[in-house]
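Some structures to go through are shown next.
Consider the two complexes below, in which chain A is the common component and chain B and chain C are the respective partners.
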Partner chain A sequence: MYQFKRFAASAAIGLWATTALAQDSITVAIQLEPPNLDPTGGAAQAIDSVLYANVFEGLTRFDADGAIIRGLAQSWDISEDGTVYTFNLAAGVTFHDGTVMDAEDVKFSLNRARAEDSTNAQKGLFAGITDVTVVDPLTVQVTLDQPNGNFLFNMAWGDAVIVAPESIADIASNPVGTGPFTFTDWVQGDRLELTRNADYWGAAPALESATFRFISDPTAAFAAVMAEDVDAFIGFPAPENLPQFEADPRFQVLVGNTEGETILSTNNKMPPFDNVLVRQAVAHAIDRQAIIDGAMFGLGTPIGTHFAPHNPAYVDLLTNSPHDPDRARALLAEAGFTDGFTTTLKLPPPSYARRGGEIIAAQLRDVGIETEITNLEWAQWIEEVFKNKDFGLSIVSHTEPMDIGIYANPDYYFQYDNPDFQVLMEELNATTDPDGRNDLLAKAQTIISEDYVNGYLFELAVATVAKAGVQGLWVNQPTAAVDLTGVSWAE
Partner chain B sequence: MIRYALGRLTSLIISLFVASLVIFAVIEVIPGDPAAFMLGVNAQPDTIAALRAEMGLDQSVITRYFGWVTGLLQGDFGQSWTYKTPVAELISDRIWVSLPLAIYALILSTLIAFPAGIFAASRRGGPGDVTIMGATQLGVAIPNFWFAMILVLIFAINLRWFSAGGFPGWDNPLQALKSLTLPAIALALPQAAILARVMRSSLLDMLGEDFIRTARAKGLTRRQALWRHAVRNALIPVLTIIGLQFSFLLAGGIIIEQVFFLPGLGRLIFQSISARDLIVVESVVMLLVFTVIIVNFAVDLAYAAVDPRLRAKA
Partner chain C sequence: MSRNLIIGAGLSVLFICLAALSFIWTPYDIEALDIPNKLQAPGGANLLGTDHFGRDILSMIMMGARTSIAVALVAVGIGMALGIPLGLLAAARHGSLLDELIMRGNDLVFAFPSLVIAILITAVFGASAVNAIIAIGIFNVPVFARLTRGAALPLWERDFILAARVCGKSAARISVEHILPNITNLMIVQGTIQFSLGILAEAALSYIGLGAQPPTASWGRMLADAQTLVSIAPHTALVPGFAILLMVLGLNLLGDGLRDWLDPRIRVARV
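And now, the complex of A and B:
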C-alpha cells in the first residue's frame, strides 16, 4: 500500500499528471521549505504555511479574514477581572496517533511553551500565564497575572497549537496533531504530503490528499505553474508575471492582504535620525506609489502608520507624510542639514527590500540624503541590524499580526523610546472591551505616525495563482497558513 | 611503489586535516547567529540562549571543532540544527539526486563531445570544423542556468513533454530519469563544448606527431591513422578534463538544482548556508573535499601504475 502511494505520487508529478489526477487531491507550491515540522519551535513561517489548521490546531484559530474563531476550545468564559479563562474543549478529539486530546494535553502544551528551557520563538505569547489547571478532561482553566486583551488572539497563533506528550519527541520530523489532515511523507528538498484524517472530529475536508512543493526561484515558480506541475502557488514570487496568468483562462489570480507592514526602519538613536525633523524629512521624501509600482508591480496598499489597513481599528494617517521633496529639503535645512548627509541602507533578501531599496535611495538622493546600500542575507540582517543595531536605515516587512506593541520596547532594533507610548500599550493590554481597544489602538497609531518613527511604506500583498477549478483557497494571509480544510475542485 | 603510495597517503591525510581546519574556520566566521536566525524577530533573549545551549553553540570553538572531527572520524556527521535529523541521512537522500545527475550529464557531454571533436579534427579548416567550433564557442559562452530556462520554456511550458522541475524519487526509475533529463542537458552542453574543443586540439596535436607520420608512411590513410592511433593517445588529456568536470558537476549543480528545484546536494548546501545550519554545510563541504582528494589519490596511483618514472622518483 505504501509503495502504491509512492508510485501514485510520482505519477502525479509526472508528465501525464493533469489527466491521471483524481480531482480530490491538490498540489500546492509555496516558496520556502519548512526547516522542520515543529510549529512550537523556530520562527520559520513555512512551518505554519504547511501545518497550520491542516495538521495542528490550537484552542482558538484565525479564519480566512483574520477573525479569531473557535478551535479545539468550543467555548470559553472569562472571569470578571479578566484574569481567568475557562476553556471548554471539543469532545471526541483524538491525535493522529490515536491518543485522546484532553485538558491534560492543553496543560502540557502551554506549560511546555512557557517553560524556562522553551525554544518557542513566540514565547512572549505565553508570558502572562501563571497557571494552567485541569478542571475535568474537557475543561481547562488558564490564569493570567493581569488581564490581557490579546489572550484569545495569542492562542490562535501557530506557535500555540496543542501537542501531545506521547508524540512530542519526534515532532520535528513526524508531526502528530488533531487537524483534518495527517502528515504522511516528507521528501526533504522536494515535497511534503498530507492525507485526509478519517477520524477528524470536525467537518471532513473535501480533499483526500495534498502535496506541498517548495519552489523559491521566481523563474522556476513561473515555469511550474505554466507547465501545470502545481495546482496552486501561494505567495507567488514574481508579481511581474501576474498579468500573463490573469489573461490565461487556465488560471485564476487572487491578490490578498497580509499582516506585513513594510517599513523603512530607522535607527531612532543614531544621529541624525534621533532628530524628529530628519525623520519627517525622510517621510516626505518617500513616494510610496512609485515604490509599490516599481518594486511590487502595483501590489500593495500605502500605509501611514504601523498598522494593517484592512483591520477595523486602522486609522488612515497618510496625510501626515505625503510625497513632498521641497518640504523634505526645508525640514532638513531646519534640522541643520542644508547639504544633506550620508547614511547606510541595509537590505535583507526579499524583493520588496532589494528593489524597493534602489527606488528609495534615488528618492532620498533627490532631497540630499546619500545612502550606502548593503545587501544582507537574513542571518546577517538579524545579527547586524536587528541584534547589534548597526544601521541607519533598512527595509523590512513586519509580518507578525497586530505587532504595534514593538514600539513600546525601547530595545527593539529601531530603538524608539517614548514613555507615553509605553504607558498606552500597558493600558491596551489590560483592556478587553473592543471599543476601548480600538480607541487606544487609534491613539497608538497616531503617536508613531506623528513621531515619524519609521518610514511607513505599504502593506505587503500576497498573490496566489491557481488553476481555474480550485475553490476555497485563502485570499488573504492573516497568518502564515495554507488552510486546505475548505479547498475543493469545481465540478 | 609502496613507498610512493605511502607518500601520497601521508599527503592525503595532511590535506584532509588542513581542509577540515579551513572549512570549519571559514564557516564559523560567517556572520549571523544560527539560533537568533531560527527564532526570528520576536524571540526573547532567554529563548535564544536555550536554543544555543541545545545546539551546543555555548561551547568554545575549539571544543566544537574537535567534537566535529572526532564525529567525522567515526562516520558521524552530526545532527542538522534546522532539519533536526542526522546530517548523514540528509546527505544520503540528496546524493541519489546529485550523483545520478552528474553521471547523466557526464555521459551526455561525452556522447556529444567525442564525435564532434573527432569530426572537427578530421575535417580541419573545412565547413564542418568551422560550424562545430562556432557552436562550441557559443556553448562555452552561454551560462548553463540561462540555457536551463530556455529548455524549460520550450519543453515544459510550450511542448509539455517534461515537467518543469522536481524529482519524483527512484521508486519509478523512468520518471526519475525523465525528470533529470532537462537538468542533465543543461549541465552537459557547456561541458560538451569545452570537451569537444579539447578533443579536437588534442587530436590535432597527435596528428602532427612522428608516430602518425610513421603510420601514414606505412600506407594508412589520414582517417585510418586518426582512428587507429591518434584518438587513443589523444584521450589522455581528455580523460583528465573529464575527471575535473565530474567534480564540477557533482558540486557545481547548485544553480541548476535551483532552476529545476531538485533536492540535490547543491540545494542542500544553498539552503543550509542561508539557514546558518553550519554543521550541515561543514559536513557536506568536507564530504565533497574528501571525494575530490580521494579521486586525486586514485589518479596519482593510476599515473604511477602507468608511468614507471613516477615510481622511481618517489
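And now, the complex of A and C:
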C-alpha cells in the first residue's frame, strides 16, 4: 500500500509566490505547435508540451526527475494479486468550467480512452483494464486482466489525463482540465495563452499567466532568445549556439536528458535488412561519437540498445556494436554483399536527423553501403516511413518514456518480429516486483541489441535557454512537458 | 573591349576553371567527414576553413561550382533548345493561329512566378538536381521564344529575306540559314543573363532543400547549413555567399559587356 503525504515542495512553491514581485508572467517558446489541444486524442508531443500538468492532470503524474507521484489520486491501494487498483481522489477538485471532478469523470476518461473507437494515440496504456467502477464520488476502482507493474506509470502519461464529459466535445480547441492554469487563447501559428486558475485545488502557481510561442526555425529561435522576445526556450533547436548563451550573463542554459532514444531506424522486413548480418554490419559502421559531436555539438549520451541510460534498469550494451569498419565490411561480405548495396535514408526535419543523416551516410559509404538521402517534412515522414513503411533507413528520436514495448509489435514501422521478445514483454507486463522487472528489462535490452534491430545512436539531450531570473524549469524531460507549476522569477 | 567585359569574363572563367579542376583534383575529399576538425577558421591547413563536418570549404566551393554550372548550363540549354525553334516558328508564321498558340502558351508560363513553380515541381517529383534543372529550364523557354520572335519579326521584312523567298527557299530554311545567324548575338547575351539567373535559382532551391541532395555539394545548401553558425563561424556563410555573389556578378558583367561588344550599332559608334 502506498500512502503519500503532502510534500514540502508545495510549501516551497508558496514561498516563491510571495517573493516574486513585479514579474508574474512568462513567455515560453517551444519548437513545434500542437495541431490540436486534445492530449487524449492526438499523438503530437507538442500537445503535452503545452498542456501536461499545466491544464490537464491525470491520476498520477511525472515529477521533474521522472518519478511517479500522486496527481488527482491522493493515494491508492493495490489488491494482493495486483489486479485491482483503488484510487482515492483529491477532494474539492473542479474543472475549469466549474463542474466537479469526481470518480464518474475518471470512469468516463478511462472508458473513453480504451473504447473500441477511441482515437487515443497510446491505447496500449489502457489495454489491460477490464473494468472501472465508481465506489463513491472520491473513490474509483480499476480492475486489470492481469497484474501490470507499469500501471501507475501508464496513468501518468499525458494520454491518460482526466477529462470531463461536459466539455469533451470542444476539447480539441478549448481544453478544459483541472490543472493550475486555464486555457485562455490560441492564435494559431503564433501563440497560446494560459492564465492562473484561481480555484485550483492544489498549491497555487507563482505565475499569473503564461504565453507559449512556437518557433521552429533554428535561426529565428536564436534571434528570439537573443532579443529577449521570449523568457525561456524549451528544447532549443541549435546546440551550436549554446556556448554563446552560456557566455552571456543574461541567460542560463540547462542541459538535461530526455527519454529520446535516437536510432537509425531499420526496415527489418526489407531486404537486405532482413539479414541480421547486414544489420550488424550497419551497427559496426556507425561511429556514435562522431554523430554526437558533428550533429549535436557534443550533446547526447551514446546508447547500445533502446533504453534510457539514466534509467536504473539500463544495461550498457555499447560493446555489442563498437565502431569497427573492417568488421562491418567482413560482415557484409559474409552476408553476400562484397560490393555493398544501395538503400534509402529518409530524414525528418530535426537537425539530429538531417545532420546525423549526412554523417551516417558518409560512415556507411566507408564500408560500401550507398544511401540515397531524402529530406522529408514531418507529415511526409509519418506518411511514407511510419505508416507506409516505405524506407530502408531513417533517423528518429523515440521520445516516449519506457517504450521498449514497441519492439513487441511486429506491425510497428521498423517491423521487428521476434516471438521470444513478444513473450518476454508479456511476462514483463505481468510482473510487479521491481527486481524481477529489472531482470526482464535487461533481457529485453540485450535481445534487441544482439539482434541489431536498429542502429542505436544516442540518448537525445534537451537544452533549455532561459533568462537568468527564471527558476523552477524542468531540466530533464521525463515526458514531453513544460511544467510551469513550479516556475517563478527570482527577485 | 570594355572593363565590364574583362572583369566579367575573368570572374566567369575563374569559376568555370575551378569547377573543371574539381573533376581531377580538390584540396581535400569532401565526402570524408573530419568532425574533430570542424569549423576551422580560414588560413590554416584549409585555405577557406572547414564547415560543421570538418569538410574543406574550398573543396566544397569547387564541387559546388560544378553543381551550379551544370544545373544552370543545362537549364539554359533546355530554354534555348525549345525556345529558339518555337520563336522562329512563331515569327515565320506571324499572325497565324500557330503563332497565337505559341505566344499565349508562353504568356501562360510567364504568368506563374518561376521560383514558386520550381518549388512545386521539385516538391511533387522529389528534390534532386535533375528536377531542379527541369524546373529552371522550363522557365527559360518563354524567355528565349519571345526574344527570338521579337528579333526575327523585323528581319522578315528585310530585303535579303525577300530575296531568299524569291529564290524559293522554304520558311524553315530561311529561318535557319538567314534569321538565326542574325540573332545569335542576342541569344548569347540573353543566354549569359539566364545563366546567372539559373545559378541564383539553383542556389535558392538548394537553400530550401529542393536542389541537389547531399552529399553532392551545392552553394545554396552550404548557406543553409551555415545559418545557425553565422555567429560562431562567419566564414561558413560568407564563403559560399561570396561565391554566389561573384559568380552572378561576373556573368552579369559578362552579359553586359558582350552586348556592347557584339552590338554592331554601338560598335560602329565607338569606331
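Note that the second predicted complex is superposed on the first by the 469 of 491 C-alpha atoms of A that agree within 3 Å, B and C clash if a C-alpha of one lies under 4 Å from a C-alpha of the other, contacts with A are read in each partner's own complex, and residues count from 1 in each chain.
As a working rule, contacts are C-beta pairs under 8 Å (C-beta built on N, C-alpha and C of every residue); 3 or more make two chains touch, one makes a residue touch a chain.
As the structure is a prediction and not an experimental result, all values here were calculated from the model.
Superposition of the two structures on chain A leaves chain B and chain C fitting side by side, clash-free.
By the touch criterion defined above, A:S216 lies against chain B but remains apart from chain C after alignment on the C-alpha atoms of chain A. In the superposed pair of complexes, A:I373 makes contact with chain C only, with no contact to chain B. Applying the stated contact rule after C-alpha superposition, one finds that A:A67 touches neither chain B nor chain C.
In the superposition on chain A, A:A361 contacts chain C only, with no contact to chain B. With both structures placed on the common chain, the touch criterion links A:Q122 to chain B but leaves chain C unconnected. When the two structures are aligned on the shared chain, A:E383 is found in touch with chain B, with no touch to chain C.
Once the two complexes are laid over each other on the shared chain, residue contacts for A:G294 go to chain C alone; chain B is not touched. By the touch criterion defined above, A:A238 reaches chain C but does not reach chain B.
Of the two partners chain B and chain C, more residues of chain A are touched by B.
Once the two complexes are overlaid on the shared chain, A:R191 sits against chain B while remaining clear of chain C. The minimum CA-CA separation between chain B and chain C in the overlaid arrangement is 8 Å, rounded to the whole angstrom. Taken together, the two structures place residues 219 of chain A in contact with chain B in one case and with chain C in the other. Residue ranges of chain A in contact with chain C, taken from their complex: 218-219, 222, 238, 240-241, 243-244, 290, 293-294, 355, 357-359, 361-362, 365, 372-375.
The touching residues of chain B, when paired with chain A in their complex, are 30-34, 36-44, 46-47, 50-51, 54, 82-85, 90, 93-94, 97, 149, 152-153, 156-157, 160-169, 171-172, 175-176, 178-179, 258-264, 267-268, 271, 274-277.
Listed in rising order, the residues of chain C touching chain A in the complex are 31-33, 35-36, 38, 52-54, 126-127, 209, 213-215, 227-229, 231-232. Per the touch definition, chain A reaches chain B in the complex via residues 3, 6-7, 9-11, 13-15, 17, 33, 35-36, 38, 41-44, 116-124, 172-173, 187-191, 213-217, 219-220, 223-224, 226-229, 377-380, 382-384, 386-387, 398, 400.
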